[in-house]
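Please find the structures below.
Shared chain: subunit A. Partners: subunit B in the first complex, subunit C in the second.
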Partner chain A sequence: MNETGKIITLHVGLIALLFAMNFILPAYHHGNIARVMVLASYAIGYNILFGYTGLLSLGHALFFAAGMYGMGLAIRFLGASPVPALLAGIAVGALLSAAVGALALRTTGVAFMIVTLMFAQAGYLTILLFGEWTRGDEGFVIQQAERILWGIDLSDANNRYLAALLLFGCCLLLSLWLIRLPVGRVFVAIRENEERAKLLGYDVVRYKLAAVVVSASFAAAAGASYGLLFGYVGATFATVQYSIFPLLWVLLGGTGTIIGPFIGAVFMFYLIDLSSGVTNAYMLIAGIVLVLLTLFAPQGIMGELRRRVWAWLP
Partner chain B sequence: MGEIILSTRGLSRSFGGLQAVDAVDFNLPVGEIRALIGPNGAGKSTFVNMLIGRIPPTAGVVKFKDQDISALPAHVRVAQGMAYTFQITSVFSNLSVAENVALAARRRLGRDKIAVQSEVKHALDRVGLADRMAQIAGDLAYGHQRLLEIAMGLAQKPQLLILDEPTQGLADSEVAEFKQLIRELVSETTILLIEHNMNVVMELADTITVLNFGKILAEGTPAEIHANPQVQAAYLGTG
Partner chain C sequence: MEFGPYLMLATLEGAVLAAVLALMASGLSLVFGVMRVVNIAHGEFYMLGAVFAWWITSAIGGDPALAFIAALVIAPVAVGAVAVAADMVIIKRLNYDPERTIVATIGLLYIIQQLTLMTYGADARPVVAPFNTRLALPWIEWSGGGLQLYWPWGLSVTSYKLFVMAAAVVVLTGLYLMMTRSRIGLLMRAAQLDSETALAFGIPVERIYAIVFGLGGALVALAGVLIVPIQQAHYLMGGDALLLSFIVVIIGGLGSLGGTVVAALLIGLSDGIISVFFSPTLAKIIATLLVALVLVFRPQGLFGGKSR
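Moving on to the complex of A and B:
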């Protein structure tokens, strides 16, 4: 099998596997995996910016929350149905990221991390400030009646799983397609050697802005879907924690691999889930595992796999 | 003298109190191989970096194809037909040799995969790296990385190719191949060569410009420069 064949087999195979699991997973894990798939979509978006373009943002919770609130507020105040609400969420995330990106990209490195962190913090405080509409920390519930899409009730576990899989599948294949396009190759070139890319005639600022907007749109789609599928919109999702999560998942799963964000999200989710069954000090176990992984597989799970066996892994 | 492709008027750059480049007027005709030489610290790198747009001048004008490009960023100058190869090897070391050259070709050829592939093959053939296309660039020997830099320059099909110390660190046999390559290129592009290796300069250049203390000390054919007492003094450090 040639490289493209292997790549398609692996990624489509993962989607097929997740589809099959819909029918065999016990209820508890069925719900977990649905949640993980939405969060992994968020991480896939994060990875486009961090893993492929080499820009470390500490403010992606802003875009996740923008998608979530863009969707939630459209339903709550405009009575929008799920699809327009979802699109509104993505649009809000994309527009916000274009503005934030245009400003934040005037900086690089550590300054970029701090500026994005500050923007996200400002976003979080803005949500609290307009508590009358956003319900602040308390958040608001999206009623079951508002989550019916073309007659399909998204609050039903089965439908929710399949909707999450649809989102995840789209994000996975879109990101795979994107990084194999010339524009994706330029993202990688910028990550590898920005000065060289510039002197090959590429407008690196424009490309970096494009990466920010694409990455944030994925995050916003994930945020909007999360709110829609799990029926809750709240300011917690705009906190710094939710900016750190995708970074952790991507680092664990394998920076700059298409499948890594999903592997990292599953791994982290079940690491916390299983260790909390054993002890109250579950974060200690999670912490030790993270340290060990960083020591022995610094490129993450899929990154290590790529280094040792699957050199073709995109 | 033919049509001028690149010129500067009063081009200057100071760093604090140091005048690195001092009001340089420079003309480069189309189709020439021009060498830019000078002792260490003469301002060669600063001058070239202002030509390509990596550092802004403190005063003066750069013109490319009769257009003032002084205010344009580097990537626009490259898009207009200038190419620059780095003094310190600067390839994408984690990417394959072919992908390095493809990145150079793709900006011009866009999504036409077949055209990009044939351009990659062609550029690598010319520098003799065609059999190493699949290798990771960072694994290449140093001399081969220098050649890869040049292939990346060629794949852009520039009208002006600026080579910053291209033979630095090359073995003698590689230098001989490099000279042959440059001679073949001259029908396609104008070449500005910043070079320390006098043997290369004397053999290749149509005209030599000598910089010293940020100013043009002399300009002429290799024979004229060779015989110029001021140049000899500058190089011996007594000037």
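Moving on to the complex of A and C:
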């Protein structure tokens, strides 16, 4: 099999496997995997910016929450149906990221990380400030009647799983396609050596802004879908913790691999799920994993696999 | 109360905040200045200082003043030791790479915070101030054709708050003298200016870095000890401390100690005054956006000189 064949087999195979799981998984894990797939879509978006373009943002929760609130508020106050609401969420996330990106990209390295962190914090506080509409920390529920899409009830476990799979599959294949396009190659060139990419005549700032907007659109799509599928919109999803999670998943799964974010999200989700049975301090696990990863395995799981076995892994 | 005395009260509260802020931020600024790394777990060292202060005072018991003095000495040293260990186990092994250090210290943040939650619990606990006399303050009034002193109701400050301000001044002066006059300060400045040349001249840069990181932790822990009699110790108190330290350090200019103190005064005083008149959430939004915009448009800080 040639390289492209292997790549397609692996990624389509994963989607097929997840589809098959729909029929075998016990109810508890069925719900978990649906959730993981939506969160993994968020991580895939994050990875486009962090793993492929080499920009470490600490403020992606802003875009996740923008998608979620863009969708939720459209349903709550404009009476929108799910599809326009979803599109509204993505549009809000993309617009916000264009503005934030244009400012934040004037900085690099550590300053970029802090600027994105600060913008996300300002976004979180803004949600709290307008608590009258957003219901702040308490959040609001999206009623079952508002979650029916073309006659399909998204609150039903089976439909929800398939909808999550649809989102995940789209994000996975879209990102795979994007990275193999010339524009994706430029992203990688910027990650490897920004000066050289600039010297080759690429407008580095525009490409970086494009990476921010694409990445944030994925995050917003995941956020909007999360709200729609699980029927809840709340300010918790805008906290720093939700900016750290995709970083953690991507680092664990493997930066700059298409499949890594999903692997990382599954591992971390179940690690936290298992430990929360033992202690309420489940973020301890996240902290330990972060430190161990930066110390011993900065490549993550799939990164190590690529280094040792599968050199072709995109 | 009338506007004048009200403003004075807000200014006094602001000055206490400024004193604590200056201590917190100088630790972060010192670490960034010398080591060029950003310590995201800085706020957790502050929380540890406060929690250790509660532990020490409740373990010693007896006279609150004696117990508090013990906490004032032991807690910063203990937190400094934790910071030195973190530097040697984690940050040194990352070769002080700025980006990886941020990720690792985010992990450290959660480890410290959650271990505190597991051992100390989710309650907020107070520490009794060693002395807490209420001092009423006079105000000048124009009445009957002449200036008159009077004591408006509610305009007062506690002796403990004055002590906090004095302690901050003493510690920061000591820090300044250490950096400019002592041999260890000279070595720190050498490592800050050019770590490779310093190493070539036989300066143990890694050891200096460990000391600086420990000193940064001790400074912010001291701020934590000083604040517990005013605010209670809670395992989530590090978040706001980190944010405020960031604001001060960035507005003052990353790595500049003088700028940090000026910015702490500015932020502390204006926060005391702003939050009297505006909603605290709005004040925080303005502050975070200000930090972001300062970093974007004036990375050397509002008071910093030319960046190198």
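The criterion applied here is as follows: the second predicted complex is superposed on the first by the 292 of 314 C-alpha atoms of A that agree within 3 Å, B and C clash if a C-alpha of one lies under 4 Å from a C-alpha of the other, contacts with A are read in each partner's own complex, and residues count from 1 in each chain.
Methods note: a residue touches a chain if its C-beta (ideal position, glycine included) is under 8 Å from a C-beta of that chain, and two chains touch if they have at least 3 such contacts.
Note that the structure is a prediction, hence the values are computed from the model and not measured.
Novice: For A:Gly201 in the superposed arrangement: first (subunit B), second (subunit C), both or neither?
Specialist: A:Gly201: touches subunit B, not subunit C.
Novice: Examine A:Thr279 and indicate which partner it touches, taking first as subunit B and second as subunit C; both and neither are also allowed.
Specialist: second
Novice: Have a look at where A:Val291 lands relative to subunit B and subunit C in the superposition and call it first, second, both or neither.
Specialist: second
Novice: With both complexes overlaid on chain A, does A:Ala189 touch subunit B (first), subunit C (second), both or neither?
Specialist: first
Novice: If you look only at subunit A, which of its residues touch subunit B in the complex?
Specialist: 181-182, 185-186, 188-189, 192-193, 195-204
Novice: Where on subunit A does subunit C make contact in their complex?
Specialist: The contact residues of subunit A facing subunit C are 56, 58, 103-104, 106-107, 109-111, 113-115, 118-119, 121-122, 125-126, 128-129, 240, 244, 247, 251, 279-284, 286-292, 294-295, 298.
Novice: Report the residues of subunit B in contact with subunit A in the complex, numbered from low to high.
Specialist: Going by the criterion above, the answer is residues 52, 54, 73-76, 78-79, 84, 86, 90-95, 99, 102-104, 106-108, 110-111, 152, 156.
Novice: Report the residues of subunit C in contact with subunit A in the complex, numbered from low to high.
Specialist: 38, 90, 93-94, 98-100, 102-104, 106-111, 113-115, 117-118, 239, 243, 246, 250, 279, 281-282, 284-285, 288-289, 291-293, 295-297, 299
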